[in-house]
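For clarity, chains are labelled A, B, C and D in written order, and residue numbers in each chain start from 1.
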Amino acid sequence: MSILSVRNVNKNFGGLKALDAVNLDVEAGTVHAIIGPNGAGKSTLLNCFVGRLEPDTGSVTFDGKSLLGIQPHEINQLGVSRVFQTPEIFGDLSLLENVMIPAFAKRDGAFKMNAWHEVAEENDIHALAMEMLADVALDGKAHDTAAQLSRGDKRRLELAMCLVQNPKLLLLDEPTAGMARADTNNTIDLMKTIAGRGVTMVVIEHDMHVVFSLADKISVLAQGTVIAEDLPENIKGDPRVQEAYLGGAQL
Amino acid sequence: MDAIALQVLNGLDKGGAYALIALGLTIIFGTLGVVNFAHGALFMLGAFCAVSVKALLSLEAVTLDPNKLTAWGTPMEIRVPYVETWFGEFGATLLNYSVPVSILVAIPMMLILGIAMERGLIRFFYKRPHAEQILVTFGLAIVLQEIIKGIFGANPIPQPAPEVAKGMIDFGILVGFDAGNVVYPAWRLIYFLFSVAIIGAVFSFLRFTSFGMVVRAGMADRETVGLLGIDIDRRFTIVFGIAAVVAGLAGAMYTPILSPDYHMGMDFLVLSFVVVVVGGMGSLGGAVAAGFLLGILQSFASMNEVKNILPGIDQIIIYLIAVVVLLVRPRGLMGRKGMMEH
Amino acid sequence: MSFFKTQPKDLILLLCFAVVVLLAPILFAPIGAGYPDLLQKFAIFGIFALGFNILFGLTGYLSFGHAAFLGVGSYSAVWTFKLLSMNPLPAIIFATLVGGLFSALIGFISLRRTGIYFSILTLAFAQMSYNMAYSVLTPITNGETGLQLVQSDPRVLDVAFGRDYGAVLPSSDLFGIGMTGYPGYYFCGFMLILCFFLTLRIFRSPFGMMLRAVKSNQNRMNYTGLNTKPYALAAFVISGMYAGLAGGLLAVTDPLAGAERMQWTASGEVVLMTILGGSGTLLGPVIGAGAIKYFENIFSAFNDQILAQVYSFLPEILQQIMVAISSLFVGEGWHLTLGALFMIIVIFLPGGLMEGFKRLRNLISGKFGGGNGSGRATAPAE
Amino acid sequence: MKDMRISRRGLLQGTALLGAGLATPTIFSSKAWAAGYTNEPKGGTVTLGFNVPQTGAYADEGADELRAYQLAVDHINGEGDGGMLNTFSSKALGGNGINGKKVVFVTGDTQTKSDAARASAKRMIEKDGAIMITGGSSSGVAIAVQGLCQDAGVIFMAGLTHSNDTTGKDKRANGFRHFFNTEMSGAALGPVLKNAFGSDRTAYHLTADYTWGWSQEGSIKKYTEQLGWQTKAAVRTPLGAGDFSQYITPVLNSGADVLVLNHYGRDMVNSLSQAVQFGLRDKQVNGKDFAIVVPLYSRLMAQGAGENVKGIFGSTNWHWSLQDEGSKAFVKSFGQKYGFPPSQAAHTTYCQALLYADACQRAGTFMPSGVGAALEGFKFDGLGNGPTEYRAEDHQCFKDVLVVKGKENPSSKFDVLEVVEVTPRAQVEYPASLLGGELGPYNNGA
């Protein structure tokens, strides 16, 4: 059953056609990768899922509800979390607080005047956050300030922030961009664990090693259209894909 | 009709001052990313350049007249300006033209002051939050104005325009009104032309010199230009000096219109910030357009016909416009995306 | 009752704070600040700055218009005195509510923008309020003179309960305790402790954490399912209510409301108080407010006579020189001191006085405690 | 009334709890049993509080006030040449302080803001033990501080305040004003303006948009319209506008032939300079020479307007060129001490300090009710304004008013005004009931 379905989405910037009649279906419980050369419209497409951009025409449906015309925080409250290309975290806050905030958002909704209780009394949230930090191996740094983390640690923290909400759909925009090989492998392992829990994921990625280690299904985007959508092993040999990438060089 | 024409002229000379101050502010903001609350003080210092020049020119030889007594019983002083004893007729002319002459002094003075300010203080605040930039420059503004107050006192010090520019010009005849209907003080018209000239000079400097091109490129994308191996910082220091000169000239030439006192900078500061924001932070054209626009609207709002319908509108018009513009056009009239939003 | 769940460390802090407030008349006497009017100002502006810090210190929104809320608080308190009763309780309740309402209105519009655009919007609203209060709204505000009590005021509640003030102009009193002098200070002081406690709870609550998140990264907040607007607006309104309360207390201790307390320089003053003390810290704003009010009241009162006394231990010539130098900075020159102080604080102590204390403590513990004394390296000026 | 009470019973019951408290007698109030009066001097000195603007637009005026106070204190304590003590008609003061106590003083900054002025006055009363407060350079501040002194139970001797309200609508028993007011300015200027400009004139008012401005505008309108003048328009201008040109341009073609500038201080300097710049002084309208009038002049401010004041009419409380014995003595001792002549602000504050000291000496006490009784109806001479009376009904001094004109050929930078006419006191007197207000009883405090 598809949890996210994109139907005939178009998006123009000025005269430039960024997305051209895109169709996409993400099956629940799978890892779906979107690949394509630079400027193919991958990030534009992702932005259409989270309320940052509004498609000109077409529909984006998640779990039976349209994602169009609603605010990013409302989309998140439906169960969609997102990891950014450059980690978006609360730099001035401690790691623990970074993870507690999404946990509160999940429990209390988009806004709650929870001004009289102390954070220290929220034992459940605290325990959950610590558990998530342990999952990404950052529990030792729980009280450090997030801005001081290395880029890889920031990425893992951001993942923990998404996971603590137990999302139905996790969107990842180049999760290993700029990482050293060792870090990349760690991240792949982490994501495999997450996938093992049955979290649906949509991953945009350049690193084919990452893509083929993780993806259950791959869509290839070029010049704003989906030129192929298939299982990883089929994509590898698809000549259209090789054509789109560097005019036919081997992947 | 002639009333409207007069208010337009009035808005233009007011707007000239707003535009000149706002221009410097927005250049500093666009290049250095610094919110300069001391900019009003630079305007004030420029005005006091004119005061100092006049004071120096009118330094007097004091002799005591034993035959005449003051009301409190001491001998009466006879004062003769040195310039007149030394240069005679020419000295008197010099004194008459003290305001325009002060421009020659104001340019180097303000340039040095601006560069000193940037090197000595502002450059440490490039990367600091805007709130801290505002505070430190605000503190500097207070210190500067208190020093001026300590030297020149708190009362306004009149600076007459040269005799030739003291009269009125029948501007109306030039544009087809009946004689005597649109008559306007000569110095204010001169001020307007002066501000247009300065604005033109700044724009062509930024547009047609290679220095200016680098600066404009730096305003658009500082990092990239830095990567090209160009020493942006040194250029920006000079830019700060230029902004100080522009504010200082605006102040010096304004003195015949408004007798300068130590507090005049603060009065213009808030206003010029509103101008910059309405124009769009970091937008040169926006600052100039907004300066003239607000000047003219303020003049119109001060007319009886308007005030009778909306009492007090003249006192809030500037702020009202700021609110409306910011709500309708979030980045001001010509602002760029992402500027100053975090 | 979650009051008792306050962390022991915070309880101690609260207790110490309360003790200092209660003993202030004795504690501040040696520095010449132990007289009721200044102590009242410490408490009142402490509340104002505490509230401002909830907005600026936590969410990072820099408002240049908070004096407007202080002003409307004062006006509503004086009107409550005039129309209802000289009892301070209804006055401060109305002041707080009106401050809250007014800030909700202005906040709702201004919070549509961020950064300096937000600052200019709040500034514009406050300046409009000030200009109108000074001139066109004189029937409500009594313009330049300020809104005052008159004997012929209706005071409906007082009349209804047979309270008669005779021929003299009434002054506010809490069930018979006059609100001038030390009783007035203790009333304000009690409010300050209450506000400090509320602020402490907000700082420690999930709500407070969300406000800090607003300052840190609004983008991430949105994608985390949190709506930043109501959080920022709530902080704005809370700080507006604190300001309204402070304005009300100003009127309680001195029943006159002048328009100039709404001017932009007054808004700037609370920004300076907060930053001087240390924005985002609990105690900082109160300390900053005290420091600035102390300067304003004590330094401006120094004249050559007093200076000569201070330096009387020096030989006469030195004494004269010292008096001449010092007099630049005190008396009529106290603004110069103020300006220089801001520059020094912002340049060398961007975290305000609280950071200064922290560094001092680190230094001492580093020297005597043998620790590595690292702390968190604070960025030098460059 | 009874019926109404019954109908309001519900409300009354609902608020019974609150009411019980409100009705509690003032048993806790210290005033109930305290004897004596606020800050009764116990030792060998008595402290006066000088509250003047040290920062802001009136700082120079405030500085001059302070100089005059210093001089007055010297003279009261028997130092210096005695100044106007020698010409003062009352000889109670003997140069040994007041009531045998040496005079000391404290100073404070009003910042020309009601709040700051009250805070500063409170400090002097609460901390420094000041027995009286005096000074100030604007009416808003004077009224605010006067109210405070009434509440605190000390005497307030107003400094420079020209609004009718200070001894009218907002008068207080503990407050006394030596300076004149807008009503007197209007009464004094009216006939002079008629003589100078005739009775067929059309006036255009620019008025500072606050209580003093309105008060001034009202008085001038009242007296000029009695003479047959017309009022074309009265435009309110914001305080501290700086550039007033947008209000002046509409005057040019309005058909008015007199411009009345109801401005003071910096606003006056700016609006007058700009009006002259717009050629109004040299203009011809309706076949008459255009005229500018500044109802309230200050010599300090006139210096700021420079040569623009030449030929401009106005009124002032006192001017240093007066040739009576009192004025000469004051100018002499002030000029010798400071090197320049005193301003009217300095004169009025000097007089206030002397008058207060003298009243205390005559009353033999510092208690406000006693001092007040000594000032009420007090007739004196020799302080520069001719025979003067502190009227008992409103605590306003009545004396001659000076009508002045900007001097065409000043001999020094202080010599900018010349006295055109000394309007006799009888002509500017008005019944106390005219301006309303209620003095109320004296408050001696606790």
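The criterion applied here is as follows: a contact is a pair of C-beta atoms (placed from the backbone, for glycine too) under 8 Å apart; a residue touches a chain by one contact, two chains touch by 3 or more.
In this text, all values refer to a predicted model and were calculated from it rather than measured experimentally.
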{"item": "Core chain by centroid distance, with centroids computed from Cα atoms only", "value": "C"}
{"item": "Most widely separated chain from subunit D, with each centre as the mean of CA atoms", "value": "A"}
{"item": "For subunit A paired with subunit B, centre-to-centre distance based on mean C-alpha positions, whole Å", "value": "52"}
{"item": "Rounded Å distance between subunit A and subunit C, as computed from the means of their C-alpha atoms", "value": "45"}
{"item": "Separation of subunit B from subunit C, taking each centre as the mean of its C-alpha atoms, in whole Å", "value": "34"}
{"item": "Separation of mean Cα positions, subunit D and subunit A [Å, integer]", "value": "73"}
{"item": "Of all residues in subunit C, the ones touching two or more other chains", "value": "131, 135-136, 335"}
{"item": "Subunit B: positions in contact with at least two other chains", "value": "311-312, 315"}
{"item": "Set of subunit A residues in contact with two or more other chains", "value": "none"}
{"item": "Interchain pairs in contact, sorted by label", "value": "A-C, B-C, B-D, C-D"}
{"item": "List of subunit A residues in touch with subunit C within their complex", "value": "50, 71-74, 76-77, 81-82, 84, 88-93, 97, 100-102, 104-106, 108-122, 145, 161, 165"}
{"item": "Footprint of subunit D on subunit B - complex, ascending", "value": "2-3, 6-7, 9-11, 13-14, 70-74, 76-77, 149, 153-158, 160-161, 166-168, 181, 183-185, 187-188, 256-259, 261, 263-264, 267-268, 298-299, 302-304, 307, 311-312, 314-315"}
{"item": "In the complex with subunit B, residue positions of subunit C that touch it", "value": "56, 62, 109, 112-117, 120-121, 123-125, 127-128, 131-132, 135-136, 264, 268, 271-272, 275, 279, 328, 333, 335-336, 338-343, 346-347, 350, 381-382"}
{"item": "In the complex, subunit C residues that touch subunit D", "value": "32, 34-38, 41, 85-87, 89-90, 131, 134-136, 138, 142-146, 148, 151, 157-158, 160-163, 167-169, 171, 173, 175-178, 180-181, 183, 250, 254, 256, 258, 260-261, 296-297, 300-301, 303, 305, 331-332, 334-335"}
{"item": "Residue numbers on subunit D that touch subunit C, as the complex places them", "value": "8, 11-12, 15, 18-31, 54-55, 59, 62-63, 66, 105-109, 113-116, 118-120, 122-124, 126-128, 138-140, 143-144, 147-148, 150-152, 165, 170, 209-212, 236, 238-239, 438, 440-441, 443"}
